[in-house]
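Worksheet: the structure to be examined is printed underneath.
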Amino acid sequence: MTVSAGRVADLLPRVAALCAEYARAIDDDRLEDWPDFFASPCLYKITSAENHRLGRPAGLIYADSRGMLTDRVTALREANIYERQGYRHLVGLPAILGETDDGVRADTPFLVVRIMRDGAMDLFATGRYLDVLVEVGDALRFRERVVVCDSSRIDTLLAIPL
Amino acid sequence: MTVSAGRVADLLPRVAALCAEYARAIDDDRLEDWPDFFASPCLYKITSAENHRLGRPAGLIYADSRGMLTDRVTALREANIYERQGYRHLVGLPAILGETDDGVRADTPFLVVRIMRDGAMDLFATGRYLDVLVEVGDALRFRERVVVCDSSRIDTLLAIPL
Amino acid sequence: MTVSAGRVADLLPRVAALCAEYARAIDDDRLEDWPDFFASPCLYKITSAENHRLGRPAGLIYADSRGMLTDRVTALREANIYERQGYRHLVGLPAILGETDDGVRADTPFLVVRIMRDGAMDLFATGRYLDVLVEVGDALRFRERVVVCDSSRIDTLLAIPL
């Protein structure tokens, strides 16, 4: 269902702010806050554009509850892999695609730079977030966040949230 | 002519949304939708910062009608060059520079990442859009879009819209 | 002090526009305009995430008056180092962190691409701006701008404003 111009004007700043806050939590290494961006139940997955286009299951990360998101953070902290590098997200302007009883659908481009411990930087990932957003109290939360990476060659160490 | 703060507040979200939609159409490979972002008549060109500063003609792409834009898409589809790689635009916040009877002038920074078929990513282009925007019905469209690339070393395969 | 949703809605477009104008002045090589983005007195420094986290003094650039900012521009023009390369900033959405009598605190992510004279591009810096903003007349200006670079390996030629 398409969304009226007035509704878009209302939603757009809120969706943009949520996406920015989400990125900031990851880049600030506040991973423990990450599950709080999601509604319950939720769906989170990371896939490639090719897998997404072909309808193949997400190969990288799949979580269908906030508990699974929390478990992932715990695992990351124990593995300590994440400590070795930093990330910087740049997030573009969301496109509000529609709204149904299930929530608001949005499509938001992103780019992530990785900063290695020795200071080297590289383009880590680009892609788009395909989101379904719902109101929880007076805040927007992700019912679904499907991270579609443009490249199918994604670092096998990829374990951090995107 | 300078633009009042109120007029900027009205225009800015619309110009930003148009720039985002334009980028999304290209990144989604919906090239056939690309000419629809332009008014008729229109001017579209890609040049380098150096050529632009020196007032030299655009060396890369020049089109002064929507028909030429459509022809370019047809040529791209036939050459099939575009299929081999993907693009991801990140677009910054527009600056609204002025408004005359000819339209609204805006200057918007961008960055494009290219994703090769094997998954390799590189910085493909950065620069700014120098736009003249007009109302067509109740939508904004590009009367002019001059793409000024920061680097004068642009891939000679460059044939996709930026 | 936290900021009400209404106040954020008022501030956010203004802070975003200021950050965009600031970046545009640098990328357009209008360095002489750069000190005008600051209130007087002001604080400007460039540091790394590691130095910032450890509370170490900024190693790269430190200026605590607009006169020092102007001196830096003069030095850059005389050294002519800046002429050899260009920059392109992409700035993300600011987060409004709080407001006190000292001003509005904001945190804004950025990415800078460097374009060498021969056309080569590289990721020059990523990080975040930690700003304190105040009203000067009816415009927002930086009381403080602390540029926290993600990487601690920053080009020793770094002399341009970020």
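To keep things simple, chains are lettered A, B and C as they appear, and every chain counts its residues starting from 1.
Criterion: a residue touches a chain if its C-beta (ideal position, glycine included) is under 8 Å from a C-beta of that chain, and two chains touch if they have at least 3 such contacts.
Only a predicted model underlies this, so the values are computations on that prediction, with no experimental measurement involved.
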{"item": "Chain A on chain B, rotation in degrees - Cα superposition, rounded to nearest 5", "value": "120"}
{"item": "Type of chain B:chain C copy interface by residue overlap (half), same or different", "value": "different"}
{"item": "Rounded Å distance, chain B centre to chain C centre (Cα mean)", "value": "27"}
{"item": "Junction residues of chain B, two or more chains touched", "value": "90, 111, 123"}
{"item": "Residue ranges of chain A touching chain B (in the complex, touch as defined)", "value": "9, 12, 49, 90, 92-95, 107, 109, 111, 123, 126-128, 150-154"}
{"item": "Of all residues in chain B, those that touch chain A in their complex", "value": "13, 16-17, 19-21, 23-24, 27, 86, 88-91, 111, 113, 115, 118-123"}
